[in-house]
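Please see the structure below; I have some questions.
Chain nomenclature is as follows: A, B, C and D, assigned in order of appearance, with residue numbering initiated at 1 for each chain independently.
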Amino acid sequence: MDLKKEYRIKLVSKEFLNSDTCYLGFECPDIANTAVPGQFVNISAGTVFFKRPFGIASTDKENGIFYIGVKVVGKGTSEISQFEPGLMVDCLGPLGNGFDLDGFDTVILTGGGTGVFPINFAYETLTALGKNVIVCEGFRNASQVILNKPSYILTTDCGDCGIKGTVIAGLDTIDISDPAKTLICCVGPIPMMKAVSAWTGEKGIKCLVSMEQRMACGAGICLCCTVKVKDEGPDGFKNVRCCKDGPVFDSTEVVW
Amino acid sequence: MDLKKEYRIKLVSKEFLNSDTCYLGFECPDIANTAVPGQFVNISAGTVFFKRPFGIASTDKENGIFYIGVKVVGKGTSEISQFEPGLMVDCLGPLGNGFDLDGFDTVILTGGGTGVFPINFAYETLTALGKNVIVCEGFRNASQVILNKPSYILTTDCGDCGIKGTVIAGLDTIDISDPAKTLICCVGPIPMMKAVSAWTGEKGIKCLVSMEQRMACGAGICLCCTVKVKDEGPDGFKNVRCCKDGPVFDSTEVVW
Amino acid sequence: MGALSVNVGNVSLKSPIILASGTCNFGRELAEYYDLSILGGISSKGLTIKPRAGNPGVRVAECDSGMLNSVGLQNPGVDYFIENDLDFMKDSGAAVIVNVAGHSYEDYIDMVNKLNEHKDKIDALEINLSCPNVKEGCMTIGSDPAAIKLITSKMRALTDLPLWIKLTPNVTDIKATALAAQEGGADAVVLINTLMGMRINIKTRRPVLTNNTGGYSGPAVKPVAIRMVAECSQVLDIPIIGCGGIADYQDVVEFMIAGASAVEIGTACLIHPALPVKITDDLKKYCEDNELILKDLTCTLQRW
Amino acid sequence: MGALSVNVGNVSLKSPIILASGTCNFGRELAEYYDLSILGGISSKGLTIKPRAGNPGVRVAECDSGMLNSVGLQNPGVDYFIENDLDFMKDSGAAVIVNVAGHSYEDYIDMVNKLNEHKDKIDALEINLSCPNVKEGCMTIGSDPAAIKLITSKMRALTDLPLWIKLTPNVTDIKATALAAQEGGADAVVLINTLMGMRINIKTRRPVLTNNTGGYSGPAVKPVAIRMVAECSQVLDIPIIGCGGIADYQDVVEFMIAGASAVEIGTACLIHPALPVKITDDLKKYCEDNELILKDLTCTLQRW
C-alpha cells in the first residue's frame, strides 16, 4: 500500500456562493482521484493552530482538482474565506469513511446547511454511474439556498421557496416503492439528522448520517473527536472516532 | 501635541541589495516627514510574536515613503525578506532619539554591517543641508559592500576592495582640522563602535554611537532593552532603555 | 455609570481595564499614544524600597505566542516614585494601583508604611508576592500559603488602602494561596503573574536570557490563567482581578465570565501600545449589542 | 550506531524521538503515513486496568499555540492492549514504551504485574502520575513527592523493566517530584505532561471542554518544559526524557542541551502526522553540519 501523505496544495479557484459561503478548488490529483463521497479533507487555515475539516464537495479528476464549500462561522473559516488563488495550504485527505452506496436501487440524498457539499459530491458520483438519485434539501430561507438543481426537492423553514417545512416535509413527497432497496444519506445539523433518522426508522429504510465533531488530528490518533455509538458492553455505548471510524455512520448505531 | 499612532502601512517597493539583504519602501507620510537620522521603526514581521526594529535608511517626503534595509539573520527577518509589495504591516515609529547633528562643521559618518542604513539617511539629510560630510564604511569583503558611493572611504577586512583593514584604517586617512568642531557618528557591530569610540577619545572628537538591544515594546514601557551607561550613583552605572533613551548615545557615556 | 464600570471591592473603576505592572512603566510613555483617562487603572512598575538596576544583559526572549522577561524589577525606588511619578499617575485620570515588591517581610512593611502616607493619591496597593529571593528560607513567600497569610495580615494592620495580592501561577494549588491571601485580609487577588520559563540559544548553548530563566507572559499563558481564575472564583469571597494573555475584548469577557471583576493587560500592550483604546471601544459595542452591563458578567460561568 | 542513537539508562534508542503517549494511539494509524521503525520509540495511549470510555462531549479546545484536551484516558484496557496492540507495537521496530495510568496504588501495581509478564516485548514502562483522582486523599499522587517515592518503589519491587516516571508540571517544585521518583528507584523521568488549562465559549458562557478543564500542550508550553528539564538536570542522576511543545529539530536540540537524553513529540504530530520523518532527516543533517553525535548534546547547557 502506498503511504499516505500530508500534501502542500494550491488553491486554484474561489467563488462566493452567498455572502458567507465560498467554494474553493484545490489542485491535488491524489485526492481528486481517490476521494469518495462523504470523505473529508483537513486543511490548514491561516494563523489558527489546527487544520479545519471540510467535506469534499466535488472532484475534477481530469484536472486533478477537488472542491470544498466553506461557510464562515469563526476565525479559521473567516481566514479561509480570504484566501486568494495561488496560495499553498497544508492538507490531509481524503480522510474518513465515505457513504457505502452499493446494493441499492435508489439513493435519496438529503440534508441542509453545509451538508449540501458532500451531497453534491454524492449526487455527481451517483449520476455519473447512472444510478437513481433523489435529492431533497432544506434551508432556512431562499437567501440560504446554494448548489441547488432544478431536479432537487427543496424545502425552506419559512416557505419563501420550495415546500414550507423541514426536509421531512420534502421526504414525505417521495414515493418509496421498495424501502429495502432504498438508501438515505443525510448530512446536516444534528436535529435534522435525528429527525431523518427517526423518519427512516419508521419506514424501514437504511439511513447513513455524517457526524461532525471538534477534531485535533483528523487522522484517528488523538481520540478527541468522540461520537457515541451503541455497544453491547456494560455501558451500552462506546466512544468512537468521528474522523476515522466516521464521519459516516449508520443512523441506528448513533446514540443521539 | 499630536498623539502617536500605531500605523498600518503598505509595502510599496522591495529590492535585494545582495543575497541576504533587502531594501524596502513603506508608504507612511507621518514617518517619512518627521523621522530624523538615527531613529528607527518597529515593524510586524509575519508570524513572529514581536515587531522587529530597523533603522530608517532614507525618506522620500514628497511621496510619503520611508525606506529600511533588512539583513536576514533569523526567522523574523527571513519572513520580512519574503514580503511582497502591497502587503500591509503594523508599524510604530519614528522611535528613539536620532543623532544630534547641530553645531559641527564636519560630520564623519562611519560604520558597517546594517549600520550603513542609518548612515545613508544621515548622509542624505546632511548633504541636503549642504553640510560637510565624510563617510567611511567598513565591510568584511567586496561581496558585502552595499549602498556605497564613490565619495565614501571604503575599507574591507580582507582588502579585496578599498583600504585593507577596519574602519579605523579608513578614519586614519581623514585629515581632521578641528576636532572640537567635528562629530563622528558610528553605527555598526559593538567591537567596531568600541574601537571608534577609543579612537575618537584619543583625538578629542565627540562620538555618537547607535546601540542595539533585544526589544519587546520599542516604546520605552517594558525596560527590556537595557543599555548600561555611566552614572554618578553607588553602582557607577545605570540601565537605560535602548529604544527610548537611545538608540543613539554619546560614546563616552556607554559602559562598553 | 457607564456599561463598562466595575467595582473591585470598594474600588470603583470606570472600566475593567487596568494596565499590568511592568508593562506600562508609570504610564508616561503611553500617554503619548492615548488619553489614559479611558482606563480603569494603571498598575505601576514593581517598586522596591531601594532603587534597583535590574538584571544585566538580555532581558527578553521571544516565544511562539508570548515572551519571557527577566527585567528583574528595575525601578527607581519607592521614594523617587512618590516624588516624581505618583502625581503623574494620579493626574492621568485612571485609578492608581501601586505595585509593591520586596525581598523580606520588612521590605513589604516599610513600603506599605511609606505609601500609606500618600493614600489620598493611591487607589490600591498591589502586592507582588512572587519575588524569587526572600529572607525566610528558600521557599518563596508567594508559593507558601502560611507566609502569604502572615504577610498579608501584617500589611493589613498598617493600612486601610485596598490590598490586592498578586499571586504566582507556579504553584500546585492556586486555591490554597488565594485563600491564604483572603484569610490574611486581602481585598482582592490578582491572577496571574508570569509562569517560569526558559529558552536556549542552540548555537551558543546558553539560555537566551542572561538571567537564565524568565517570566512567561502573553496569549500562551491565557488558558492557565483562565483556569486559575475559574478555580479560585469557586472558593473565594473577595474579588479577582484577571491577568494573563489578554489581547482582545473577547479575552476580557472570558476572564470576567470565569470570575474576574476587572482585568489587567500586559504583554499585548507591549506590541500594540494603544490596544486598550480598541478594547474599550469593542467592549462598549459588545455591551450594546448584547444589551448588558459588563460587571454582570463576573462569575457567570456555567460549568458542565 | 548512527549519529542519532541515544541511551536512556539501559535502553538504547536508534533516535531520540519518541511519540508521546495519547498522541499516536498505538501507532497503527501513523504506520499509514510512514515507516515507524525510524522512530526511537512509541509510547502507547495511557492504559488502565479496565477499559475506559473517556470523557463525554467536546474533548478538544484550540489555543493560540497549542491545545487543551480532555480525552480522559479513553483506552481499551491493559488486557485488550496486550492481546491486540502490543505485538503490533513490538513489530513496528521502534522501542515499545507502555504508558500506565491508574486511580490508586493497586491499579498501578496490578498493571505493572500484568505488563511484567510480557517484558520481552516491552522496552520501558512509562508511569503517568498525573491522574486527577486517586484514592489517597485529595492530593494527586503526581504532585506529592512522598506518594511518588512510595509508588515508584512499590513498582520497582515488581519489575526490572525500566520505569520512566512521567511528571506533571502543575507543581510548585518539579525538582522535588523528580527527586522523589529517583529515590523511589525510577530509571528516568519524563518531563512534562500537560499544564492544566481552561477555555470558555463567551457566547454560551460554558467551558469549551465538557470536562470544564483540560491538559494544555503544544508549542505554548515549551518554555515551561525547557525550564523544568533544565532545573531537574541540575539535581538528578537519572536521565530525563524531554517533552512539551516540540515542533522541529531545533526544539529537540534545545531539550537535549537543557538536559534531555531523549524526547517525546505529541501535539505537533497531531497537526503534521509525518513530522518525525522530517525531524529525523533534519537532525541527521544537523549532526553532519556540526560534526557531532546527538547524544553528546545532553546536558551541555552553559548557564550564565
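Rule of thumb we're sticking to: contacts are C-beta pairs under 8 Å (C-beta built on N, C-alpha and C of every residue); 3 or more make two chains touch, one makes a residue touch a chain.
Because the structure is a prediction, the values reported are computed rather than measured.
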For subunit B, the least number of touch steps when starting out from subunit A: 3
Any chain in contact with subunit A as well as subunit D: none
Far-end chain from subunit B, centres as C-alpha averages: A
Subunit A and subunit C, separation of their C-alpha mean positions in angstrom: 48
Euclidean distance of C-alpha centroids - subunit B vs subunit C, Å: 36
Distance between the centres, which are taken as Cα means, of subunit D and subunit C, whole angstrom: 34
Per-residue multi-chain contacts in subunit D, two or more chains: 57, 61, 63-66
Chain-level touch network, classified as line, ring, star, complete or other: line
Pairwise chain contacts, counting only pairs that touch as defined: A-D, B-C, C-D
Sites on subunit B touched by subunit C in the complex: 1, 3-6, 48-51, 90, 92, 213-217, 219-226, 228, 233, 235, 237-239, 244
Residue numbers on subunit C that touch subunit B, as the complex places them: 22-25, 29-30, 32-35, 45, 51, 53-54, 56-67, 69, 71, 74, 218, 267, 269-274
Interfacial residue positions of subunit D with respect to subunit C in the complex: 57, 61, 63-66, 68, 143, 170-172, 195-200, 202, 204-207, 209-213, 216, 219-224, 226-227, 230, 245, 250, 253-254, 257-258, 300-304
